[in-house]
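The chains carry the letters A, B and C, assigned in the order they are written, with residues numbered from 1 in each.
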Amino acid sequence: MDFLNALILLLNYIFVPALAYGSQLAIGAIFVTLIYGILRFANFATGDMMSFGTMVAILFTWYFQSIGLTLGFLPTALIAIPFAILFMGLYMLIIDKFVFKYYRQNKSPPVQLAMVSIGVMFVTQAVVRIIIGPSDRRFFDGEKFLIRANEFKEITGLNEGLAIKSTQVITIVVTIILVSTLFWFLNKTKTGKSMRAYSDNEDLALLSGIDPKKIVMITWMIAAILATIGGVLYGLDKSFKPFTYFNNMLPIFAAAIVGGIGNPFGAFLGGYVIAFSEILLTYAYKKFFIYVLPESMEPDGLIQLLSTDYKFAVSFSILVIVLLYRPSGIFKGKIL
Amino acid sequence: MRKNLNVITAYSIMMGLIILVGIFQSWNIALSIFNLCLISAVMTMGANIQWGYAGLINFGIMGFTALGGLAAVLISVNPVQEAWSAGGTNILFSLFLVIGIVLAVRFVLKRYQKSKIRNYIIAAIIISGIIIIRFVSEPGIEAIEEVNPARTGFLGGLGLPIIFSWIVGAFFAGGLAFVIGKVALGLRADYLAIATLLISEIVIAIIKHEDWLTRGVKNVIGLKRPAPYEVNLQETDWFINLVEKFNSGKLALISDLSERQAALNQFVIEGSSVFVKLCYSGLFLVVVIILLILTQKALYSPWGRMMRAIRDNEEAANAMGKNVVKQHLLIFVLGSAIVGIAGAMLVTQDGLFTPGSYRPLRYTFLIWVMVIVGGSGNNFGAILGGFVVWFLWIEAAPIGLYLVNLTTAGLEDTHFLKVHLIESVPYFRFLMMGIGLLLIMRYRPKGILPEKIEIK
Amino acid sequence: MAFFEGKNMTGGYGKGPDVINSCTVNVERGEIVSILGPNGAGKSTAMKAMLGLLNLKSGSVIIDGKDISKLSPQDRVKEGISFVPQTKNVFAGMTVEENLEMGAFLINQDYSKVTDEIYNLFPILSEKRKQFVGELSGGQRQQVALGRALMIKPSVLMLDEPTAGVSPIVMDELFDHIIKVKKTNVAILMVEQNAKQALNISDRGYVLVTGENRYSGTGKELLNDPRVRSSFLGG
């Protein structure tokens, strides 16, 4: 019984939250890696692009709510996503046309493109703050919990409750669908394969007759889908705040590099590596050991490896270690 | 000569703008802009040495600035005796342990061949070391943080004049840069950017949460000043006389004696804060000029030539026997040290240390905008970039407000769009920075004042 | 009139000096033609000019009687000209099968028959069709590169130093493959460093020096020409 309690404890405080957070990071990391692999630069506007997409989704959600259109127990934001993707894609294509295209055609070094993306970051940040403001927004509606901790305790008769938020389930389900569709697209369709070919060897792709303009456009469209969905899922689960989204860029970068930048599958796993290590290393295991160990050996302290203040620092340290020992990432990068 | 003319014109326009602010807004605002421009200029010089001289991307400016700030606290605050007696020994012992771990790791690295086992040994040393340190330091930290937490709760500093911290800050930042450089300089340019960005976040996390050292988010306020205090000035005779002389024309217009006294008091209060700011300006200007002379000398020295050679063609320089790795490390440390000075200057002028205020947008990306806009590789350009960008950063809100009022002049004051736009005025600075950066990168990629040396 | 011909080509890279000067190269279907010469003679440049990778100042490129001097490289691919670069000539992160598929990117109908033909030509690729090309040996990679280029059923195949950096045994094997390709009625133009071996399998050859035609003739003639022997074939 104690063992079961301990297990539920870990599930409730570590596994489920880490899985949801990891999914959100994973989507962002695939976004980063895709841009890096095909357009060949580190996009410092990642977080702000995600916040742009989320902002549009929030505006549509408000509109739908105002005309009384809801999804019942599911959040209204889910219907807003397709519209938001459309706007996000348009925004990205406009930016590409007026900003990135010039440097791509001049074959500028990646560093210059990264600098340019900082300009885009500033602009996007301004646009988002001017339109929706800098404050915290919650736009979740519908049923909040799938299982409440109390209900779970009643059903199972255990001491420990397991609470599963509906946003966590939505996050995980959407991530599975989105990521598997993306991998199917990249590995099985002709267009997807030509994107991988372009990422792998640009000159040879051109010699094979692959149209770079089309590749770039499709890449931005996929990026728009990833940025919007990733942003909305995070916003539903926590809340929307432009500054937080900017900061999320950092663990997302960490995930992409840990997974091997340029490799979408690596980025996907990298998201979970970062999320799990952040939560595993900063969780206080006291209660867990109380359940598992005999009474005489019960611990005094919190049994916490690192204080939760260092959550971000954990993921960055992992990144630094990975960069030192395996700069190409755990899952080998630079292959799309 | 024509090129020098560009520099002179650009700087004259800049000074003219600041003087305009002084005339139309107030001299107080103009001087605080000017002072922060000077600090920004020091930061951009640091970043410019790394980027412009050597092509190294340092997105960790924020971390080095914060370390400089930390130095200001540790140098100037008086030591908290109680805290030292409560937990000082534990902290010192932990410090020895840290040194011990570093030495042990070094020993293992030197002694044994590269192998998996060696990695495991190192990992074991570090992990067990961290656990021991936690056990040793925890009671000490708790004891320290319990000492009068509302006012101290930390070890305090050395109680020396704060000006020393400018040098110590440089050493702090340089020391961190040495470690980062050893680890990360081999990385590709964009990886280095990301790595330094993340490492600087780690530095901030530590400063924010190690309360026994920095008071963390509780902030350290009331740091000592290298300049006189306004309150004291307002009671000093020579200062009052000076203000009186300065404003004698205006004062003469007022006939009533008590009104005249009140006006004088007002002038003295304003004058005192202007005077304090001028003191800072003087100090900062000295730093900027010294650094400018040194960096210019370095740029035109054989060493500077070598650095540019390495920047422009690393492989060729390497083939000619230049130790690229060593030079990169050196320049990374030097540049970061300069940023550290700026960090200490900033805290000195504010008189307070607020770890929560260090954010990458303000302390990393904005500095980079300054470097790019001003002209990388050119020290005059970098300084100008610091001035122009900081000026716009501050004045963006009034300019934005003016533009909003102009474009929405046809709308009523209560129109929702106008209200919304006026509320959003503070964010126009981001827009201005972004568009400015994009335009400069597109149409004047070498900045306002491009690098002058032509490599033939 | 030869099937594929670059006539009096003059040009260089960007705004730089002319690398090739009034250089003429031609090849018939079912023929192997080698371009030889010392380093910096403009061999690869001549080939790239025919592919459209650099702008010609004067001269023309003609295939089957049609002037294609103004077409982009991609459009020339559509005319049936395939090119195998010297380095980075495969998609290393993709499988053998996917590499061939990318070669057939421009073909919109079913190309499974072409794939089968290529697997017949290079049996080893058929075995390793699901493997990543990055994991294959140097010789096998060159076969993948050839296979990719053959997917559009080209009438002209251009090879830039196909045997650079492979062992002598693999080189012989590769030349055998190239002869096999020639027998499918493809015009083959190649630049080679291993002049002797290349001339052995070539029907004709050109020797370029400082961007100009110096000698030309059949493979045998060039092999036996004392001037060519002394300067380029090492006696």
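FYI, a residue touches a chain if its C-beta (ideal position, glycine included) is under 8 Å from a C-beta of that chain, and two chains touch if they have at least 3 such contacts.
What you see is a predicted model, and the numbers here were worked out from it, not measured in a lab.
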{"item": "Chains touching both subunit A and subunit B", "value": "none"}
{"item": "Innermost chain, taking as reference the mean of every protein Cα atom displayed", "value": "A"}
{"item": "Whole-Å separation of chain centres (CA-atom averages), subunit A against subunit B", "value": "32"}
{"item": "For subunit A paired with subunit C, centre-to-centre distance based on mean C-alpha positions, whole Å", "value": "46"}
{"item": "Where subunit B and subunit C are represented by their mean Cα positions, the distance between them in whole Å", "value": "58"}
{"item": "Complex contacts: residues of subunit A adjacent to subunit C", "value": "190, 193-194, 196-197, 199-201, 203-211, 334-336"}
{"item": "Subunit A partner contacts - residues on subunit B that touch it in the complex", "value": "57, 119, 183-184, 187-191, 193-195, 197-199, 201-202, 205-206, 208-209, 361, 365, 368-369, 372, 421, 423-424, 427-431, 433-435, 437-438, 441-442, 445"}
{"item": "Complex contact set, residues of subunit C against subunit A", "value": "73-74, 77-78, 83, 85, 88-94, 98, 101-103, 105-106, 134, 148, 152"}
{"item": "Touch list for subunit A against partner subunit B, complex", "value": "41-42, 44, 99, 102, 109-112, 114-116, 118-127, 129-130, 133-134, 246, 250, 253-254, 257, 307, 309-310, 312-313, 316-317, 319-320, 323-325, 327"}
